[in-house]
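Per-chain residue numbering starts at 1, and chain names A, B, C and D are given in the order in which the chains are listed.
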Amino acid sequence: MKNSRGFASDNNSGIHPEIFKAIAEANSGHVIAYGDDPYTEKAITLFKNHFGGECEVFFVLTGTGANVLGLSAITKPYNAIICAETAHIAVDECGAPERFTGCKLISIQTGNGKLNPSMIIPYLHSVGFEHHVQPHVISISQSTELGTVYSLAEVKELADFAHNNNMFLHMDGARLANAVVTLNCSFSEITRLVGVDVLSFGGTKNGLLFGEAVIFFNAKLAEDFKYIRKQGMQLASKMRFISAQFIPYFEKEIWKTNASHANHMARLLYEKLKVIPGVSITQPIESNGVFAIIPEQAIEQLQKKYFFYIWNYETNEIRLMTSFDTQEKDIADFVETLKNLI
Amino acid sequence: MKNSRGFASDNNSGIHPEIFKAIAEANSGHVIAYGDDPYTEKAITLFKNHFGGECEVFFVLTGTGANVLGLSAITKPYNAIICAETAHIAVDECGAPERFTGCKLISIQTGNGKLNPSMIIPYLHSVGFEHHVQPHVISISQSTELGTVYSLAEVKELADFAHNNNMFLHMDGARLANAVVTLNCSFSEITRLVGVDVLSFGGTKNGLLFGEAVIFFNAKLAEDFKYIRKQGMQLASKMRFISAQFIPYFEKEIWKTNASHANHMARLLYEKLKVIPGVSITQPIESNGVFAIIPEQAIEQLQKKYFFYIWNYETNEIRLMTSFDTQEKDIADFVETLKNLI
Amino acid sequence: MKNSRGFASDNNSGIHPEIFKAIAEANSGHVIAYGDDPYTEKAITLFKNHFGGECEVFFVLTGTGANVLGLSAITKPYNAIICAETAHIAVDECGAPERFTGCKLISIQTGNGKLNPSMIIPYLHSVGFEHHVQPHVISISQSTELGTVYSLAEVKELADFAHNNNMFLHMDGARLANAVVTLNCSFSEITRLVGVDVLSFGGTKNGLLFGEAVIFFNAKLAEDFKYIRKQGMQLASKMRFISAQFIPYFEKEIWKTNASHANHMARLLYEKLKVIPGVSITQPIESNGVFAIIPEQAIEQLQKKYFFYIWNYETNEIRLMTSFDTQEKDIADFVETLKNLI
Amino acid sequence: MKNSRGFASDNNSGIHPEIFKAIAEANSGHVIAYGDDPYTEKAITLFKNHFGGECEVFFVLTGTGANVLGLSAITKPYNAIICAETAHIAVDECGAPERFTGCKLISIQTGNGKLNPSMIIPYLHSVGFEHHVQPHVISISQSTELGTVYSLAEVKELADFAHNNNMFLHMDGARLANAVVTLNCSFSEITRLVGVDVLSFGGTKNGLLFGEAVIFFNAKLAEDFKYIRKQGMQLASKMRFISAQFIPYFEKEIWKTNASHANHMARLLYEKLKVIPGVSITQPIESNGVFAIIPEQAIEQLQKKYFFYIWNYETNEIRLMTSFDTQEKDIADFVETLKNLI
């Protein structure tokens, strides 16, 4: 089968060759299932090296699983989880967070997918009153679903605000690598060191077959996570094949190669799109997504050749995601097609 | 890393080479995520061919996920699910069925892991009384957690009984291929044609990297399963890599090769074990498991070399599982070691 | 104990004498528990008379219980329930709807607590996509938490819109009697006849000791509600003492006497407040609530003498509720106190 | 209406006159809803006096609500709750414990409704293994659903066992007063002083209109119970009418008068039944229940005149409950009727 590349989503791509090789190498003989194997041990060590040692790492199967179970570990059902209205947990998980945690999600309007403390303050009036859900987690996406990136200072400000108000800070890092490349910082600098409590660390959108990690920066929060993961149906039996992928991901810096490339391709796509008359870019290009308003009839025609998502039907805004395997030629072809349609 | 083979579980083994090849071949270019891809389309067609067309097929990530979500689709929270006390759903899923379905599990003592209608009748007194949970599903494992296999007539009897009492029959087929080989029947003969309503079809324990299917033999029951799967955190984004595995699994009959081999190895292990003085076999050998009581001090010594599970601490019964990649030499070595210990 | 009357809430009042008498009369001998008694039978007949026969009636213990269980009967966990952001289910039930139904609540900003179809349309883009919760219920409060009342046409428009989009219309009628008095219609005209599917019928806020009813206008929706009620911990054992209260409530039209009086008192309070300089009324007076902005320092002083709720801390808006037992003198005293403070 | 007395259940009776009087007296003016009222304050003080001060008391609406919410406060969803197979939580709450706590209930066969540590030990093998639910609560009923009563030593042994194994002891005290009368001890002696952690304290079955209490003997466990109660739909708005009942219940020792009388009547019933040929008593008479096997055709005839529950259809065992208002004449009539039938 010949599968052509497009800009629908970074999870439409396949597996990076180095990652694939690691799976192949792990496919030998028997190891104990469910994570008590040498690949998992090594992968966890690599995670600890990158995040600074003070963390507990658990592999899970999907991004939704990572978010929901991580949130489940730090909430009780009468809590509220505060997030941006564009958050994956709020719109793209079919209500799994509410279903599994029991909590209410409070979704806040933002222009760029990023929260700040002043947006959250009004929701703290209910603290202590039994009739109201009790805010207990602020959840942010890094990079956001709109392709924007929180600075270190912005994350720290939110973490401090959370902790001062008896809340935790959760980060949905499905595209954390893209943000880290943009910020030119380390994984620990943008998470543990600025106060993140629980992190969903994504792999699938950056070149893995499948596999995410839930990382707790406070061991106490992770005490019973192994039960939460199993009861949450996210414990892989042949765990070694998740773990093995993370070995080259860190050792050979595949995370950086892939995210840098995807980000670079997004910028290239942006440069070519912004000069097309009738196209307007709606978000700053800070990671691997480009959001653009294009003429309605062009959308329709373009979709005959390319699969991609319409972000806002009212404004004709579309979302274009680049990936580790996006080629300059893919961009040239796409832009050419669009130009011809306008 | 060199990983030696043992008898702990069939999910301690890796990926069958033909399956692995299918993953490699699917790793090209972009396809739409979440199942709207040609690999998934083809795999579903193959399933329909084997199960008789009248079925709806959904891929999920884990065996627990398959069971819990399949049960979720056919229950309401005030229902009871009736199963053997050895059932995977009752003991090995950390309460996920109760947590996610809201239902009570009624676990029935059996000698051999198999239910029959007479065991269930006493639990029907509560039907219609609002104070009591309402039995709505009978769940059986085929083959069972004790390595035994239901005959076609036995499954049909349970299905008829279920349907006559306004209940569904669910089959946990994590090891269905092993049962089908033993029964020398087709997949449809032991499921759809004898009245199974919902099936968890296992792949991971029979040579896949990961991947299970939930199959509904009544399309009406599947109407909203896509939402249940997503909300249940079991929707894989790079779905093609689950689907692709099932293509050779059916086309090249890997399922049969693997299950036949594993069953054959179990029989061989049994033949060698049963003649050792002090060893007694506790269950008939009908699939790929051998249950044996061995002297307590032998267990302790044996575990220094081999990882395996003690099934019953009171009676010193152990469980030994064979796999698609078990070699005669593995059995010879294991038996030799054991003999020396006794 | 001498308990003085105020304007905090209509549930700060006690039991109407006629209702109390009915409880006393039911306190004789033994009757079967859980609703299989003659009081319950009679009360249900009276409900059917008032709502037009085509309904199923179930008594429950609290308003939150009525809402949550009624919604539970018409949703699956991947559904969304659409409501005003001021709805009791959204803000005053500590997340019970999410916890028990599993659903997401979509809360919509309104000026006056009332929804209309145009507000809901944007949320229908997600229908059919498995990543998103599926809107399935519109829930309105009648009268609303802001004291406003939907007209018959407005309810009908919402019901038609709901049904045309495969949704149900749920009405939180904790203060339905107050709305019916205002609209000068019958109970069936504002519910069944304009398309309401499920109704929470309140008693506690209008003179009962305790007791609410969940009413289904489509018997099919109620088929398994008896199990939902029991599992939802809302089945009263000495049910006769709920049922008995509803007998005079309907037979002696206590509902009308009480609601008319409370509404009348609200209007009186409004007339006296609106002329006070520095006081501004923020909502039309359509039932038994008065919302007013008063000077901040007056709030503080007033709360020393009266307990009441601040509705909006940012704007110094307070909520005043009248009750079946509010006296003209209570209003005169309150207004006098306020005047002296301003 | 004239309601004749029988032996179906202690909740078929009405309200004790002194309790009713307390409700009447509380029906004056306004008090703050939801428990911030002087009646509730006083009732809680009385509870603390009887239970020794070191306790947190919360009123709820039903026995099922008391059990489920109390258990919810001390469990996480991956826990198991261990109980007798006759426990109310296991059979009479329509799965509410599983639904609301997410936990699995492990029901243990007992002859007399009473657990002891040796029955529980086999279930501790799973501790620490993520595949299995983690036992965290032992729940006992005092008196039991079979009318038997745990001695102080028996409760202490279970509490010590629980605490030594990182578990809590929960007591379903729907009929605690009956047990206390039998044991001739204080409330604190049979609960707090022997190690009970959480108690469901019943009122409805012993002369109240409605009302139960959840009592925590460790304040830490109660820290967030107010949210659990509200989210659990068990927060009464006109709370004063629950609280007021408990004032004479303790101050005038109605609890003792009522329970003593009911117990005495059970013994009388027993004395008269046991001498009837063909009747055999199946449980010791230790509180207010009598379990008896009577000839099948007598059951059928007897049920034409009296409503009561068949406990075991296989053995023709029936359950007869006495109440605070049972009269000697009721017993004489019942026994006479039965004699005539045999």
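Basically, a residue touches a chain if its C-beta (ideal position, glycine included) is under 8 Å from a C-beta of that chain, and two chains touch if they have at least 3 such contacts.
None of these values were measured; they are calculated from a predicted model.
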Contacts common to chain C and chain D (chain labels): A, B
Farthest-lying chain, centroid of Cα atoms versus that of chain C: B
Rotation in the CA alignment of chain B with chain D, degrees, nearest 5: 180
Distance between chain centroids, defined by C-alpha means - chain A, chain C (Å): 42
Inter-chain centre distance, chain A versus chain B - centres from mean C-alpha coordinates, in Å: 33
Separation of chain A from chain D, taking each centre as the mean of its C-alpha atoms, in whole Å: 50
Per-residue multi-chain contacts in chain B, two or more chains: 77-78, 93-95, 99, 102, 130-131, 227, 230-231, 235
Touch-based graph of the chains, sorted into line, ring, star, complete or other: complete
Residues on chain B engaged by chain A in the complex (per definition of touch): 1-6, 8-9, 11-15, 20, 23-33, 38-39, 61-65, 68-69, 93-96, 99-100, 204-205, 209-210, 227, 230-238, 240-241, 307, 323, 325
Interface residues, chain C side, partner chain A - complex: 77-80, 91-95, 98-99, 102-105, 122, 125-126, 130-133, 313-314
Touch list for chain A against partner chain D, complex: 34, 76-78, 102, 130-131, 134, 224, 226-231, 235
